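Right after this note come the structures.
What follows is subunit A paired twice: with subunit B in the first complex and subunit C in the second.
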Partner chain A sequence: MNNLLSHARRARGLLLPALLVAAWEVASHQGASQAYAFVPLSVIGQGLTELIRNGDLLISTLASLQRTCIGLLIGVIAGLLVGAAMALSAIAERLLAPLYHMLRQVPILGLIPLIALWFGSQEGAKLLIVSLAAFYPMTLNTFEGFTHIDRRYREVARVLEWNTWQVFTQVLLPGALRSIANGILHALAFAWVSSVGSELFLSTGSGLGNLMMNAEAGARMEIVVIGVVCIGLMGYAMNQLFSRLTRHLLRWRDI
Partner chain B sequence: MISTASAVIGSRVSVGHRMLALTWLISPLLLLATWALVAASGHYSAQLLIPPADVWHTFKDLLHSGELLEGAAFSLRRLASGFVLGASGGLLFGAALALSKTVEVYCAPMFHVLRQVPSIALIPMFILVFGVEETFKVLLVTKAVFFPVALATSEGIKAIPRSHFEVARLYRLPRYSLLLDVVFPAAAPPILTGLRVGLTRAWMVLVAAELLAADSGLGQMIEMGRQMMRIDVVMVGVITIGLIGFVLDSSLRLLERRLFRWKAIKE
Partner chain C sequence: MNASLDQRWLASTSHSPGALQIRELSKHYLLDGQPMEVLKGIDLRVKPGEFVSIVGASGCGKSSLLRLIAGLESDYSGDMQLDGKAITTTSLERGIVFQDHRLFPWKTVAQNIAIALKRSPLTRQEKALRVAEHIRLVNLQGFENAYPHQLSGGMAQRAAIARALITQPKLLLLDEPFGALDALTRISMQRELQRIWVQHRSTMIMVTHDVEEALYLGDRVIVMDARPGRIKYEIDVDLPHPRERHAPRLQELKEILLTELAGSDADK
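Then we have the complex of A and B:
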């Protein structure tokens, strides 16, 4: 009974999307001017099979994904180093924090014209944008993770007369781990969005953003729609994957 | 005697504090000096690296000619209209989502799916549907504001203790009074945070949209500068964007702190 009820409830949640899709379909048959923006579902289906068959969708997704991963790796490592340095050394904080907070104010996509002038519009420029996008949240979360460690743990370490390395690996790192994982989760989201976003601006190479921009230039709405759905799905899937993974890996941290 | 001694120590401490505060300037000044030196060395062409003094001159030129202010005014007008639309929509929808079981059952699944779609990814779609005119930019800002505000509102309202509602029922408050006098004040802190997040995201998306397709605004000024290889214009634009974003964000932060001083906000 309960099961049935929850099924019915879930079905009601599908009502609104179904209505919207139906409205879309109706709008697409209202003449040429409408069909330009609202393409019929059958055309979207055809577009999808076409993109899958000629491999465009796979190649584009992989290109965006690859850049996200490399940029994420660079951004996370740099963010870990800078964040930890700022948290653990007063001098490093004095020197790095002002620069970090100044640079952080500019929306990352606003930097693209400058980066394009300096580094061209090749893969390297895009990678720099993605790395920066991952670097900001990573630094902030690492810094907070290391600074918000309970004083008592440090005091225990002092009583036990541990050396710096022991304090770092036994006290600081485990204490900051949750915040660091949170930082990677944020960095992942930013890296994915900026990877696709950078492709909208820098049109060389391949990727989901390029696929969409080309489709926009050719007024092929069905490919744009597929691109949007694909970007949303991939972002959601990566977020779920990573948060499950951290919950599994950090389950010993739950108090 | 003691009081003068403590005053002397006090002043020494405050002088020390002020000196310490000045150390925050070391690295920005170093960066500026390195930039000026490298630019003056002539290793790089003026199209790639321009001395900071030239950027300052361009800034003053653009300010005096009114180009900078005009661009900023266009961008901010778009931001404001999109923000008002998105924030009011988000407030209403978020409240409905939290207060009505029916709305939740029918709308929540779609809301949570749609909120996964990044605003940036919608730019090509919006251009196709709405063209490259104002509508597309304002609606993009609306979208960027709507989702964080709706989410923060609905979660903020859901976190209100049940007792508030019970008292309201006891007094037989009419529905609008329940909303205005109980629900929104009680959920104000998370809602304001949602507004701030929405505003920051909206600013970023708007700049991106203007870079891609616009005939006015700061983003368009930067894009023109890039096409004409005027790196000074690009840099002035980038710095202005950063400054405006910073001012918007910190004024809302200040408002949060002012309004909820009684609440001891955890930073």
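Then we have the complex of A and C:
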């Protein structure tokens, strides 16, 4: 009985998606034009089998994923450095903060034409877009983390006569870790979205975005739908994975 | 057996003196551009190994005095010396226990205590040994790997005391160390601190607003008055340690002290 209940509780999150799929299927049976806009599930199923057989889905997903990971890495490292510098050095803050806060207001999409002009539409340009998307939230959260360190812990460090490095590794870094993890979580989401987004705008190379663009050109709406679902599922999976990892690493927290 | 080991270890390392001499100490803050006197003309001598309690109403500057001795505040006028050396900044010779335990939440009890030895030249084994000794000293065996949020208030404060003592300071400053604890825990912590002090014999200065606590632990109790903070009255507690909490002599002294403290209220 209890088992049944816990299964039911876990399945609650699937209720809305299931309803959505059902509504979709109903809509697809309301005439030919509807069947184009809302591809019947059976057609989507066929498309999926095809994509899995010829390896397109795997190759596209891996390409998008790889770009996300590399861009995320660059963005996170740069964000950590800039965020920490702005928080810990008044000079760095005065120097960097205005430019950072100004640039951050511009949507990445708005930068794509310029980036394409300067760097072309190859992988490098896409990586730059992904890195930037990850960099903004990372910098902001790192900055927040380092500026909100409890003064009382710094006093303990003073009493114990720690040097700057010890203060950094023993007080500042662990104190900012929660915020930093939050930053990575945001950066991950932005990196994934902008990785696929960059493919939609710069249509060379491979990736889920390219797959969808090509499918649209060939009027294969079922593949577009598969692309959308795939992007959503992958993003969700990465988010869950990282949240769990964070919770494990920060288990000393009183929550 | 453990107790004798503790005794030997501690005895071998804490025979250093810890004489504090404060002359004409004054301190003021700027409040809206106006100087506000926090402490005025404090004169205080503390003998090595002595336990001095400081009581007073809130705002009498007793915590400021302690922070000055710890070296956490500067810009004072007057003279402060520990064993003849002027106090200018923080030093491992002066340990402090705050009212809030201030353990690092991301470290376990053992790590929180060991972390105080960061600047120590001891080898890894010596440090581990000393951490174990101090965990035993404050009766936290079995909680070495607990995180601060898993501890009760009293246990966390014990860990904080161990962290402050492990560097073997000549002088230990206690800033209302049991102020945030419930009454029962406070009484047992006072007994613990008395035992630790008898065992450790370093100089201790404790700020509190609990008169009973001040008398139970102190060789001497100093009453401070507010605006500006100054020493108003001093009383010697001529009873040997360890003490009986309900000793008639402590009751008598308590009456005297309360009268002194109430007098300072009536002045206002």
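Structure notes:
Keep this in mind: the second predicted complex is superposed on the first by the 224 of 255 C-alpha atoms of A that agree within 3 Å, B and C clash if a C-alpha of one lies under 4 Å from a C-alpha of the other, contacts with A are read in each partner's own complex, and residues count from 1 in each chain.
The rule is simple: a contact is a pair of C-beta atoms (placed from the backbone, for glycine too) under 8 Å apart; a residue touches a chain by one contact, two chains touch by 3 or more.
These numbers come from a predicted model, not from an experiment.
In the superposed pair of complexes, A:L99 makes contact with subunit B only, with no contact to subunit C. By the touch criterion stated above, A:Y153 is placed in contact with subunit C alone, subunit B being left untouched. In the superposed model, B is the one of subunit B and subunit C that contacts more residues of subunit A. Looking at the shared chain after the overlay, A:V225 reaches subunit B, while subunit C stays out of its contact range.
Of the two partner chains placed by the overlay, only subunit B lies in contact with A:L14; subunit C stays clear of it.
Common to the subunit B and subunit C contact sets on subunit A is no residue at all. Residues 70-72, 90-92, 94-96, 98, 100, 102, 104-107, 115-116, 118-119, 147, 149, 167 of subunit C are the ones that touch subunit A when the two sit in their complex. Residue ranges of subunit B in contact with subunit A, taken from their complex: 23-28, 31, 47-48, 105-110, 113, 116-118, 120-125, 127-129, 203-204, 207-208, 211-212, 219, 222-223, 225-226, 229, 231, 234-235, 237-239, 241-243, 245-246. The touching residues of subunit A, when paired with subunit C in their complex, are 152-153, 155-156, 158-162, 166, 170-171, 174-175, 177, 252-254. Note for the complex: subunit A touches subunit B at residues 9-10, 12-17, 20, 36-37, 94-99, 102, 105-114, 116-118, 192-193, 196-197, 200-201, 209, 212-213, 215-216, 219, 221, 224-225, 227-228, 231-233, 235-236.
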